[in-house]
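Structures follow.
Below, subunit A partners subunit B and then partners subunit C, in two separate complexes.
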Partner chain A sequence: MISGKLKVTQVFSDGTQRKVFEDSNIITDGMGINIATLFATNGSQKSSNFAPAYFQLGTCAIEFSAPGVVGGAGGIATDAQYHLSSAFYKMSSAYSIDSFGESSDLRFFYGNRSFQASSDHTEWGEMFFTSALNLSGSTTSSTSTKEWFAEIPVVNNTKYYIDSIEYRIALDENSLNGLPIKEVGLFAKNPVGLKHDHPMLVAYKKFEQPFNKTKDFSLVFDWSIGFLKHFIAWDNFSNVVGEESESVEKWFLS
Partner chain B sequence: MKISGQVEVYKIMSSGKKKLVHLEENLLVDGAGEHIVNMLTMPSSIGSLAANAGSATLNPSSWCVRAVSFGKGASSYYADKEQDGVIEAPSRGGHYYSSHISSIYGSSIEAGHPQIMITQSNVPVYGSALAKHHYLPKYPDPMDTSLELSTATMYEVATENWGGTGTTAATSGGLQMGQNLNMMCGASGHLRPSDVFMGCYAPNYGMEYFFVNAAWKNPDGAFTGASSSEIGARIQGDNGGSAKYVGSGHFNSVSSMDNRGFLIGRTRQEMLQSNDHQNVMVVSGACASSLKRVDPAHTLASSIMIKSPAVAHTFTVSAPDAAFTNFYGGIHHLGLWTFDIEKNSGKGVLPPYNIVLDGFGNSNKEYKLFAKKMFVRNLVENSDYESGDPAVDYAGHLNHNDLYIRWKVSFDSNSKLDTGAP
Partner chain C sequence: MDNQVDIIDASGHLEIWKVFSGGREEKVFDDHNVITSGMGVGLAMLFAGSGADTIADYQIKWFQLGISGDYAIRTNYDSSQYSLVSALGQTAEAMTGGVGGTSGHYGVGSIMMDQHDLMSSNGDRFNTGVPHWFVYIPENAIRKTSDNSVTYALLIDREICNGHTLNEIGLFMHDPLAAFLNKAAVGGGQLPRSPLVAYRPFVNIKKSADFALVFRWTLSF
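Moving on to the complex of A and B:
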């Protein structure tokens, strides 16, 4: 099981910290393609190109809509959408470099985004939720237009536990002030191995209540992705007769 | 996102058709997660990595699954319980050189080497189906780092209890790999009695083997206490006769398995021909929702992964190797292994990892267990066919099928909806 958790912390100039959000995320289909491509040696010939290295922040969020309407507001998702809830490769509305402000400490990359494309026998398009159904073919492709991606420094990637990684995204006091943050996406560097980086979305989180960034604090996103959500040991210390034992989660306790 | 594995085992029938005999989920061990995390946090994750390791360390071929191994329950390596002061032969039977037998049947192979294999039989008439010992493997545990914890061999029992049995002087040394070893992979001149004890795959130059009636419970190390006539009377052959058989292993013919029992894997960049899966394990991209194997040629094109991206590991256990592993207790375990870059670096072995076996079958590579699969039934089990008509009857050991095995590790996304609320 690959799963992830995102913690968002406000860090004020006097050093005080306040955790404002902590929840599990969506590991998108891109992560599976990313790792499978590496293990099949079908893509980049450099393993570091498969590691998350970029992020985007957005002003809207990917929504799971009413049946038959993708991207609409609210409603009950169809079974297909439940099963394909991670079949997307883009943000709803990512901020460009201009939104971050001239004084931002972040480094940016302007490039094409990778995605999995599907065909309905007539033309190819980016897979997005139910558009993945009834496909006749699939291949990895990339956008024809470029987007802005913020870099995650390599030093911000930590082997957090023997089988999990933590990526730290630091949004300094001078970045994105006055703008709501409703989504965040984590992108692998360049799994297809093209000459220039072609980031691919591998994890995503939307926020029901957007964060309004100000110059009073920086926002730190600690994004943990691991491979052992469910610990296999069973809790045998149940002291109530008839009560079923519950599995103990090693981490990511919800 | 769920990482899962599925093992498909096909028998290749005489018509060439494949018959699916197993289709089961596997267990990905903790080492898989650790390996992927190491990969995604390179180079900081590998503390012992030498400064001059070079860019090859970052090559995916250094990180993908690079070996498969076979095994059985630990008890099958050892022996039956002691009975009446005598330790019975293990399920793999006794495997001993006997100058007496050689003198009876002659030997086409270099004299003085333990080229004779004697296995038990519980079918006196046909003398070819092995005595079946149902030693189950240990239960699968995510924390496993090997297929079995102990693989002490019958050979060690022999040295402890039947000391001074002539040719049985060596020990199995440090090769407690928890899996079937391939001790007969070197040249014939290098073969030792201990190699014959530990097995488990026939040498490429052929090995003579005989069957002994299972009623004979106490085969000593070199049959020194038995007369030639007694031994000859207990040797069983097809249709009641006595016979000498010769087996030659395919893995050792193509030098694709090291002496620790790791069948080497080859990536698409390293493939030599389309039928590589008959010689080595082939790593290729696959669609997990399809049962159809992804032909190596297809992996040269762009990704064909659709909804469930997966990696296929395809290999074949040829009939001669199936027969010999059955002599040694069969196959109850399969294991997928990646390179253990940390251990390799620690011993100064740096990428790129060129797997070349020396004359003794050493590959000088360390591996880390990625996934394992346990089978309750012996994958290479077979039986004699006895109809009463000698013209159509056949011995089981002569009728093994090739096994075509595809092990897919898939990365299925099946996330719950994200409401955005913490």
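Moving on to the complex of A and C:
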């Protein structure tokens, strides 16, 4: 089982920290495609292309109880279909670089986003929820227009346990001020292995209560991805913190 | 409790076919398998960008067959499994009344083999001293069968493993800790350390020269 958890912390200039959110996330179908492509040896030939390397933040959210809110190849679906599916590959409404502000510390990449396309016998479109249930064929494709992706520096990756990984996304005090944050998505770098990165959504979380970012604090997103529920060995190979560290718990034990 | 949409369940399915010389095929096993802890170790290393430098180190390139799957069934094996109970070419076999520890167990046939260390659940080397023998999975035996599924077609031809009662099989990632292991190509570096990523005991199959075995193993994510 592959699962994830997201913690969001406000960090004020005086060093004060306040946890404002902690919950499981959605591992989307892109994660499965990412791993299957790795093992099938028909995607990228660089291991780093399968690892999450980008994120997006958005002002709306993928809705699970209101079919048809977000466009794409989706149609009318029952709530149950939505709740049992994670077949989506895009944010609801991702912010572009202009929204982050000129003084943002983040680095950005402007490129085409990968997704799984499905056909209903007549035409192809980006797979979105119910279109995944009725497809007659599918293939990996990408957007014709480019989007902005914020980079996750490799130095922000941490491993505490041998079968999990933590990504830290730091939204500094100068980024995205005055704008609500209602969704966040984690993107694998370029699993298809095209010349330029084509990020694919692999994990997603929406916030019922949006965060309203101001210059008074930075927002830190600590995103953990774990692979099995009962395995508790420390990573003694890449672990750079001591086992006595109090910074993490074995969250997927619960 | 996680919502259904929150997780991806890695799962697998194993079919075993006997293929006789006249072309007749007989399915002798068809059931799910267990994804084991080594899968998590390998993928976490990949996603951290810290385990190995080359993509081949993270791919499933090897398998083992064994003769003590019945023990695994009696002891309720689960995803914490990190080795076969008694793999062919495993030195422990000699201690358990098995058939020694050489590649000769597999016989001479159309398979390519190599010796690796076996990774235990915490990433350390499991075997002490003599490494294990692993059977190579050629590129043409690996096929993406759906958006999120990969199928491995593992062939044990008529000349291989004869005389053994086979009843367990495991898939192995190549060497996800390569970057941490001092494995200089020249000068006595360490062997690849391969973790078990999927495992399944199955019904006893007394292998003979009358038939080949085909294991069709599908992993889904």
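Quick notes
Everything that follows uses one rule, which is that the second predicted complex is superposed on the first by the 213 of 254 C-alpha atoms of A that agree within 3 Å, B and C clash if a C-alpha of one lies under 4 Å from a C-alpha of the other, contacts with A are read in each partner's own complex, and residues count from 1 in each chain.
Definition applied: a residue touches a chain if its C-beta (ideal position, glycine included) is under 8 Å from a C-beta of that chain, and two chains touch if they have at least 3 such contacts.
What you see is a predicted model; the values in this text were computed from it and never measured.
With both complexes brought onto subunit A, simultaneous placement of subunit B and subunit C is prevented by a clash. In the superposition on chain A, no contact is made by A:T214 with either subunit B or subunit C. In the superposition on chain A, A:Q17 makes contact with neither subunit B nor subunit C.
By the touch criterion defined above, A:S164 reaches both subunit B and subunit C.
In the superposition on chain A, A:F50 contacts both subunit B and subunit C.
Within the superposed three-chain model, A:S96 lies out of touch with both subunit B and subunit C [touch as defined at top].
Once chain A of one complex is fitted onto chain A of the other, the partner contacts of A:M1 extend to both subunit B and subunit C. Clashing C-alpha atoms with subunit C appear in just one stretch of subunit B from the list 115-123, 169-177, 205-213 or 385-393: 169-177. In the superposition on chain A, the residues of subunit A contacting both subunit B and subunit C are 1-3, 25-27, 29, 31-33, 35-42, 44-48, 50-52, 64, 82-86, 116, 138, 140, 154, 157, 159, 162-165, 226-228. On the side of subunit A, the complex with subunit B involves touching residues 1-3, 21-23, 25-29, 31-33, 35-48, 50-52, 61-62, 64, 77, 81-87, 116, 118, 132, 135, 137-140, 154, 157-159, 162-165, 204-208, 226-228, 232.
Across the interface of their complex, subunit A is touched by residues 2-10, 37, 39-41, 43-55, 57-60, 79-80, 121-123, 139, 142-144, 146-150, 177, 180, 219-221 of subunit C. By the touch criterion stated above, subunit B contacts subunit A in their complex at residues 1-3, 30, 32-34, 36-42, 44-45, 55, 58-65, 141-142, 267-269, 283-286, 299, 302-312, 409-422. Against subunit C, the residues of subunit A that register as touching in their complex are 1-4, 24-27, 29, 31-33, 35-42, 44-48, 50-52, 64, 82-86, 116, 138, 140, 154, 157, 159, 161-165, 225-228, 230-231, 233-238.
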